[in-house]
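Right after this note come the structures.
One chain, chain A, links the two complexes that follow: it is found with chain B in the first and with chain C in the second.
What follows is the complex of A and B.
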């Protein structure tokens, strides 16, 4: 059932993570690209985003993951000033989203999920139109990408395929040489080849430049492949956030077959999120200081014990997927 | 406005004109054809009217139609005003509906408003450019056929001052801009082009009703758009113009405010 089962304690291993980057997790002293403070938004009686406290380190590739309707797009729209928060506040690149949204939009490249563009304009006209809206624009980069993607400049945007529209949206987002790239479900509806091509381009462009990428997705495999930091959001609430390394190091499962019932004190340990009976034993989900729990379990009389590393999908499903799962908001760092 | 702000606004203006150019071109072509046709039809119509038992039948007509017919057969100026103003008024309102009703609603329907609003432009610049583009297109649609009518009149040996024709279009133009702003507000608040157009037509009909009731014409908003004082009496209707300008300012502020606070 588990994709990865490891008995070793190499909690710093980063299976599936992008190999070009070494991530240590950020400290408060590092620059922060996006910071939200109790950010909230209500639509009528529905709370789309609730007390969101998010911190995206500058230079990171941050993946905001969550099921459909979790509040990802609402969060992004608030960050860009497209919708106003009903509670809290946020800053992007050090500027307040309420007072400096124009400046923020001039420094942020945005690829939205729907890729709605003006179908009556040609690719060339769309590029020219957007170029005039930004104070800075990298013509050379735009030309280069148009050539490498093979985008026909004279073709109407309405006649482009979904993949080509996504490529054009990415070029338009990269054109203003942004300090922050926000991608809202950018590969939704793309085939695996186009999806891989898109992410490779993003990583190729961003890696080593110090720019930040904020990626919203429910494609967990692609998030795990490219992101070094993640946040899991569900029903408008952030339930887990931090560097992927640290989250993986702090989220473990232990399979144990004990002689007799599991002591109550184990279940009451703050690191123990969930205990599920499994065959003759138990499957225990642990968050935080896992070693303390594992050491305690080792001390119990047992016939079998293994520590299981979890990949992002398993962590996500553990927090969001199972309806009866015990979800505890916590910071990964 | 800063240099960058001005460049942004020009880009938005270009986009809006590009978006709405075909309805404007269509209405302009129809008006130009009408402008060409009006002078040669004058002798034909007057000849036809004089050949029938006119006086008796004239007395039986409603006062509005009687006045119109008397003016029509009285002079070429009256005929030209009556026919030209009516055409401009009707086709101009259709153009206002074609441009104004989808002004924001179509962007909301296709999701392109997100694309636009996520760029470094203010909401004020977006709605300002939309209204400015509409106003420019309407001006073009009025001016070109006006000039065509003047040329056509000259070609058929009739003389109507070009300044009179153009000045006569000013109250009409301001009325169209006012209606465009109303359409934009409806388009923004209703979010559906067809419904916005329907509501605007309904409001226009209600506002037009007093114009058909003797003694209550001044309560019709359309009476302020009338070019008759300029064409027939050579009087510039300052109070009507000022009233229309005030209305334009008020609706512009409302449109701006509504758009600025709107979520996308």
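What follows is the complex of A and C.
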């Protein structure tokens, strides 16, 4: 007999205490644009990134999402060789980040969260400065974008608006004809029109080219629209990653009103992530082979049963938001 | 999104996407193209926009559009001509009979699953179904599809 609902398995309560959940498609090594192996970074005694195993398929648009301070920017900086990992390793476009970071940077376009550009240079001067750094620089493309965005070449970068600075940063990232585009919160602070334009530009540039985009964002609706693969990171740990369609198919909730308490065996099923009391019934979070659990639940005597689909925001909040809300109060573990 | 100018006809269809729906975006696109074909909005030979064009218009992943087109091609709704583009297949006018039946079967199954989940028993379900049949089909069943022939 159970008076209280026990949390079966709370995947996000302790960083590092659980295995990563990775839904994988086919993945021969050369089809992978970014692969991290137990990548970690300490700042003093703070673990910014812990045992990160990430796999970004070539040609995908991968969205890394997580709350502020989750380790997104730290991860990106390690991939680009801008900071060194304190554990593990990674390869980008098949090259090692520790030994080949110069080569990697020549093939990767990077738009930072806060654009670090020389404010005293004009737009035109900035472009000619960058052109000389990259052998594959596409001047025609860059000119075309400056024109279509209406960027004033003679204006000092320091005098550009936030939207124009982001556009310039994007042009600088696309100029070297990169195989991989890394965008760290690229559209934060942009108005909807500029955000729209930014994404349309990126999409137009990569379509049919096999280029990969790795972006971090807080705009979950945008990620849901644009990305085919996602990773959710929290407290430096990857919680969930894989194809977005697959994740949506494998993350469900079931609302059920049973006659009597929920049997212990249901809670022990590996797919059952958590069980919350809800009114006269239960709300059960399921991850993985959903149908097996639902079939078992259907077999129970019940007066109500409903399967609830989750959108990306709901999945995200379920894993990351208010991590302890699912716990039964005062139940020591 | 109004989008394209067919090679022979100038027309447009509007895509309504729900990225947060559990139905994958590629399936939403494929479904809407199929409905446009079934409804006669798109005719055989009409050209679909390029993957790049549609991805930019809808602000979605080009891979998603490509996957939708591949799905449509697999089902014989469209045909891709290398270097020219993707066209509504010849001879396609509406959803084939099997396809329509498959859809209806799916709808019926979903309703039955709901009935089971709500604890509605078999006889009651049958009664509900018969009632709905009576309400919706009784008139058309009584009216012969062809005018009665005089010799009968």
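By definition in this document, the second predicted complex is superposed on the first by the 294 of 333 C-alpha atoms of A that agree within 3 Å, B and C clash if a C-alpha of one lies under 4 Å from a C-alpha of the other, contacts with A are read in each partner's own complex, and residues count from 1 in each chain.
By definition in this document, a residue touches a chain if its C-beta (ideal position, glycine included) is under 8 Å from a C-beta of that chain, and two chains touch if they have at least 3 such contacts.
No experiment lies behind these values; they were computed from the predicted model shown.
Novice: Return fit or clash for chain B versus chain C, each positioned on chain A through the superposition.
Specialist: Here the two partners, once superposed via chain A, fit next to each other without clashing.
Novice: Applying the document's definition of touch, where does A:82 land relative to chain B and chain C: first, second, both, or neither?
Specialist: first
Novice: Tell me which partner A:38 touches in the superposition: chain B (first), chain C (second), both or neither.
Specialist: Neither partner.
Novice: Would you mind checking which one, chain B or chain C, touches more residues on chain A?
Specialist: Comparing touch counts on chain A for chain B and chain C gives C.
Novice: Output check: A:148 vs chain B and chain C. Expected answer is one of first, second, both, neither. What do you get?
Specialist: So A:148 meets neither chain B nor chain C here.
Novice: Based on the superposed arrangement, let me know which partner A:99 touches: chain B (first), chain C (second), both, or neither?
Specialist: neither
Novice: Pick one for A:120: touches chain B only (first), chain C only (second), both, or neither.
Specialist: Only chain B; A:120 stays clear of chain C.
Novice: Could you look at A:196 and tell me whether it touches chain B, chain C, both or neither (first, second, both, neither)?
Specialist: second
Novice: Per the contact definition in the header, classify A:227: touching chain B only (first), chain C only (second), both, or neither.
Specialist: The second partner, chain C, only.
Novice: Which holds for A:133: it touches chain B only (first), chain C only (second), both, or neither?
Specialist: The first partner, chain B, only.
Novice: In the superposition described above, what is the shortest C-alpha distance between chain B and chain C in Å? Please give a whole number.
Specialist: 26
Novice: List the residues of chain A that touch chain B in one complex and chain C in the other.
Specialist: Shared contact residues on chain A: none.
Novice: Using the touch rule from the top, collect the residues of chain A that touch chain C in their complex.
Specialist: 59-61, 196, 199-200, 203-204, 206-208, 221, 224-228, 245, 248-249, 298, 302-306, 309-313
Novice: Touching chain A in the complex: which residues of chain C?
Specialist: So the residues of chain C touching chain A come out as 17, 19-22, 24-26, 51-52, 55-56, 59-64, 116-119.
Novice: Spell out the part of chain B that touches chain A in their complex, as residue ranges.
Specialist: For chain B paired with chain A, touching residues are 4, 7-8, 10-12, 14-15, 18-19, 110-112, 114-115, 117-122, 261, 263-264.
Novice: In the complex formed with chain B, which residues of chain A make contact?
Specialist: Answer in residue numbers: 77, 80, 82-84, 102-103, 105-106, 110, 112, 114, 116-118, 120-121, 125, 129-130, 132-135.
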